[in-house]
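Can you read through this structure? Questions will come right after.
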Amino acid sequence: MAEYQNIYLILSAILFTIGCGGVITRKNAIVVFLSIEIMLGAVNLAFITFSRANNSPEGIFMVMCIMAVAAAEAAVGLAIFVLLYRQTGSINIDKFNLLKW
Amino acid sequence: MFDYVWLIPFLPLVGVLVNGLFGRRIEKANKSIIHWIGCGSVGLAFLVTFIIFIQMLRLEPDKRLYDYTWFTWMESGNFIVTVGYLIDPISMFMCMFVTGVGFLIHIYSIGYMWHDEGTYFRYFTYLNLFMFCMINLVLADNFLLMFLGWEGVGLCSYLLIAFWFGNKEFAIAGKKAFITNRIGDFFFAIGMLLLIVNLGKHGMWSIKYTDVFAHVSLLSPDLITLICILFFLGCTAKSAQIPLYVWLPDAMAGPTPVSALIHAATMVTAGVYFVARCNILYTMSPLAMQAVAIVGALTAFFAATIALTHNDIKKVLAYSTVSQLGYMFMGLGVGAFAAGLFHVLTHSFFKALLFMCAGCVIHGMSGEQDMRYMGGLRKKMPVTFYTMVIATLALIGFPGFSGFFSKDEILWMAFSSPNGNIMLWLIGVLTAAMTAFYMFRLIFMTFFNECRASEEVRKHIHEAPKSMTIPLIILAFLSVVGGYIGIPKALGGSNIVEHYLKPVIGLGDGKLFQDATGTAITHGAEAAGHHFSHMIEYTLMAITTIIVFAGIFLAYTMYMKKRTIPEKLAEKHSLFYRLLLNKWYIDELYEWNVIKPLHTFSVFMWKIADVIIIDGLVNKTAQFFMWCGSMLRHIQTGYVQRYAITLVAGTVVIVMYYIFSLYI
Amino acid sequence: MEQALILICGIIAIATAIMVILSRNTVHSAMWMVGNCFIIAVLFLLLRFQFIAILQIIVYAGAIMMFIIYAIMMLNLRLSDDSADIVKNLLNGRYLLLALLFIGIVILGVGFGPMALKGTMTDQAMIKFGEVELLANYIFSEGLLPFELVSVLLTAAIVGAIYLAKKN
Amino acid sequence: MVEYLIIPVIKLIVIFSVFLFIAAYTTYMERKVLGHMQMRYGPMRVGFHGLLQPIADGIKNLFKEDLIPENADKTVFVLAPAISITAAVILLAVIPLGPPITIFGRTINLYIANPSIGILFILGFSTLGAYGNILGGWSSGNKYGYMGGLRGSAMIISYEISMAFAVVSIIMITGSFSLVDMVHAQTGLWNVFKQPVAFLVFLISGIAELNRTPFDMPEAESELCCGYNVEYSSMKFALFFLAEYIHMVVFASLVTTLFFGGWHGPAFLPGVVWFFIKVFAVIFLCIWVRATFPRLRYDKVMKLEWKFLLPVALLNILATGMVMAVL
């Protein structure tokens, strides 16, 4: 298993970067959210790979926690999006700048 | 053996907690539970004290010392302060009458405060808190715990004087008492710190009495004098001596039982107690002893003169208290520690009684305190009248009453001890004469002749309720009998008090504290008998008695026979009269010399130093950062993705750093 | 064989991920994302973690993505606001630079960095771990506190979501 | 090679065709049973008592014109039925049909796979069927379809929870996620007697998952004129239809496996036969329910789940745990 770990890790890095790019460039809040999910998936992949390569169970446990966090994030995040949409009629994140100076 | 001694302070504390935390509800439910808790806790404390006292008396005189450590209070390196209680003759002596008289006054308060709606629990909480602090002060086995009690009683004094804080004058009186006490406490704290530091230099990191007194020879005589003087300055505030006595007469603003408890019987004797407790320190410093004696004598005389002209019944008693405290300090100053403490005891009985009687009178007169509007109360308030006469006789030192023995002892010591001299005695005797005069003036104006009160007040005059009169009778009994434990040798007595206190007083035989090896002065009580014969003592006693009688007679003529004399005298010597009536203008003196400059200085500090310099500095700093913020806020664009980019860039930098540190 | 599988899956994963951020239609994005989740699950399977793989499908594909599609439909979103210049934005110089830097760094760190940590378990035990029993033992012994905390987090999230979505 | 490739492929083909056949004939069975329950005959014309009706329907659908609405999102529109049928068929992989049998000296297990996470596999993929509904409804660009998709997905997400919780109590008393282990664990006493509450919860939420009558929110002919598949025709419609019935058969198998002891039964019949008898009994139950109950109002459906089934399932887990701790 250890011989493939670098493929997994590099794949994880690439996926993470793609997710990152999505977060940075897309204006649609839901796509940004999806990009974050891609990043989380990449992180999960890295964790699992490390767990396998190092023969230690912490990575798996971490992945479970991340999934729980992702679920919580989805619930709250989507509620917020729905609310924002009701308020502004759009989910373009550049329009949510009430907290700027 | 005395391991349950912690109960004594603890019981009033329980009272404080229960009444203080739940009092409002309890009072709504059932008012009498409040005083059952309040009085019960103190009564139990008295009971415990009594048991310990009896147990201690059954020990050999040179074994009557027990130091009980409850728990460690604070620890800083080698310096450890414990909460511990010291049982020895002097602390038990004080504790006995503190709890005893305190208990009686608690009971008396039930009747006096019953009609106060909504503040009843507050009153008893404060009283119990006071008992807790006072017991701590008396029983503490180290300076710091004693100082806790010392500050605590100051606080309670403030709370109780300003008890009816709705009245602005009363609130001001409370503040005055508090601030004056603070000034004294400041000196006291400095003295204590000096003591700690200088003992610490010699590796003695303890401020327990036993340790301090055993190692007092490590300190240089000058330092001891300085510490003693500083301590004494603290005592002048607490025990109302010149120059810090000014708060005590104003303290009469509080409820009368408070005046009785705090400002006559217990708290004000704290200074006397402390000087007596530190007698080993004081005997090593003749200069400090001189100072104590002179200040005490001056205060005694000075306060008595003011009392001559005052018309407020409580003020008169207040000045009388100041005067009697002066006596005590005079006794201590000449080395008669036992006599001083003896006078504390007897004084606590009759002065508490006097105040309580005055309270009954005020109670009966519907709050009237001016003696000019009283008179003829003898028939209407018989119990009050008789007990008050007994107390007065005790106070002026009428032969056979308690005050006679204690006062006489002090006067004799002032004359005969090596530290005393004829001048001190003379002042004492003059004061005694004045005491007799103004006390009988009070009696005559209050109880004799026709009633000068208004019609409405006159109708309501009545004897006080049982809960008030019973303590009066008990105290009256004690005022008479209390003196017989200290009959001097010259009159065929054995002076039990002196024997009892001997193990802890001074450098005589059988002392409980390790003595200093230093060259202390000879103890007054020991030396007295050697130099003078009983003949002189009898003579002096006779002179005192005669002068006291003269004082009574003068009062009788002026206020019973020819009641026009006082007015004529006042007119004739109007300057002198006004001087006395205005308390020698001492308050005004302080006002002009201390308060005004201080106030001006404060205003200067406020307007210039604080507002312009310090505030200006702070505001300019704030403005600078506001300017920085207004520059930096442009970073806050409101675009989430800008923030995300920054975050990613930061992460890249950090990860880069670690990667390169991995390879390089 | 296995390497080929991994590579194929990896390429599909990357492709689906790119499609997620390139799609102009939000629903298409979400569907690509579902595909991505499946591929990640397959990768987990290739790593012999059955349980995590099915968890990935249940949680991501079954729950989270369902939520998201549901939300998209409720808001009736079709084309994104920025659909015209997605590619232009993505190919913006600074983003590309950042992305390249990122990948480079990770490859540097991962590809040649030493594997410092070594767990105590054998390969066989780890395969077992990919199933359920050992993992359950781990969760309910050493991982109990974080596990319970996660449950608290989820409860809080549900309450928060309900409160937010409630119409006043 | 034989072990790892040929036998699985044969099993795959056999099981797939058997279930497809059963699903097709379930439609016939439904029509017949409903008909008789409503005092009529049902299909009678094609073949003996209409036995060839499903085949005729299939042929008809195959030759109908394939309509794609102009408003539709075409990719998704085509994809949706595929998703639906895939999610349904994939579930067949883990259902154990009977005890191992011996053919030509080889022991053959009557299932395609027995992963250690079998029940989770079913729970996970059965939800995916909802994608078909929701995407199909949305992509057709029709408001009824849209409404049906939304309602259906919300309901399926909700009932998934209580269904999972009902399964959790079975997992607790079995101590395994594997369906085969679950069947083995019921050798003595069926789970339906050990876990009656879980059975009821599972049954109710399962029927809801199937979008069958008391809960047929996404279709609701009278309200939404067939809901999510209103714009579908010909083979795409047939795929949806088929997926639904495969789901139903799988659900029946699942109920059999989890609660009715799988292939266990008196020895005079082979295990596979027992299994299918039970499956048809459960299917009959579903049809019976459809014939009996009217459709619930949408908010009542949700109320039933969140305020009744979910708490009951949770309490059941609690009670199971307590009993297990005591025993």
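Per-chain residue numbering starts at 1, and chain names A, B, C and D are given in the order in which the chains are listed.
One rule holds in what follows: a residue touches a chain if its C-beta (ideal position, glycine included) is under 8 Å from a C-beta of that chain, and two chains touch if they have at least 3 such contacts.
These numbers come from a predicted model, not from an experiment.
J.: Using the contact definition stated above, find the chains touching both chain B and chain C.
T.: In this structure, the chains that contact chain C and also chain B are A.
J.: Per-chain C-alpha centres versus the global one: which chain is nearest?
T.: A
J.: When the C-alpha atoms of chain B and chain D are each averaged to a single point, how far apart are the two points in Å?
T.: Spacing between the chain centres: roughly 92 Å.
J.: Let me have the rounded angstrom distance from the C-alpha centre of chain A over to the C-alpha centre of chain B, please.
T.: 73
J.: Roughly how far is chain C from chain D, going centre to centre by Cα mean, in whole Å?
T.: Here chain C and chain D have centroids separated by 29 Å.
J.: Between chain A and chain C, what distance separates the C-alpha centroids? Give it in angstrom.
T.: 6
J.: Using the touch definition from the top, which residues of chain B touch two or more other chains?
T.: Where chain B meets two or more other chains at a single residue, that happens at 645, 648.
J.: Which chain A residues reach two or more other chains?
T.: In chain A, 20, 24-25 touch at least two other chains.
J.: Find every residue in chain C that makes contact with two or more other chains and list them.
T.: 55, 63, 67, 74, 95, 98, 102, 106
J.: Examine which chains touch each other and state the graph shape they make (line, ring, star, complete, other).
T.: Other.
J.: What residues on chain C touch chain A, complex-wise?
T.: Checking each residue of chain C against chain A gives 2-3, 6-7, 10, 13-14, 17-18, 20-21, 23, 26, 29-30, 33, 36-37, 40, 43-44, 47-49, 52, 55-56, 59-60, 63-64, 67-68, 71-72, 74-75, 77, 80-82, 86, 89-90, 92, 95, 98-99, 102-103, 106-107, 110-111, 115, 117-123, 125-126, 129, 134-135, 138-139, 143, 146-147, 150-151, 153-154, 156-158, 160-162, 164-165.
J.: Going by the contact rule set out above, which residues of chain A touch chain C in the complex?
T.: Where chain A meets chain C, its residues are 1, 4, 6-22, 24-28, 30-31, 33-35, 37-38, 41, 44-45, 48-58, 60-61, 63-65, 67-76, 78-83, 85, 90-92.
J.: Name, in rising order, each residue of chain C that touches chain B in their complex.
T.: 94-95, 98, 101-102, 105-106, 108-109, 112-113
J.: Would you pull the chain D residues touching chain C in the complex into a rising list?
T.: So the residues of chain D in touch with chain C come to 73, 75-76, 79, 115-117, 120-121, 123-125, 127-128, 130-131, 134-135, 138-139, 146, 149-150, 153-154, 157, 160, 177.
J.: If we count contacts the way the header does, which residues on chain C are in touch with chain D in the complex?
T.: Within the complex, chain C touches chain D at residues 25, 27-28, 31, 34, 50-51, 54-55, 57-58, 61-63, 66-67, 69-70, 73-74, 131-132.
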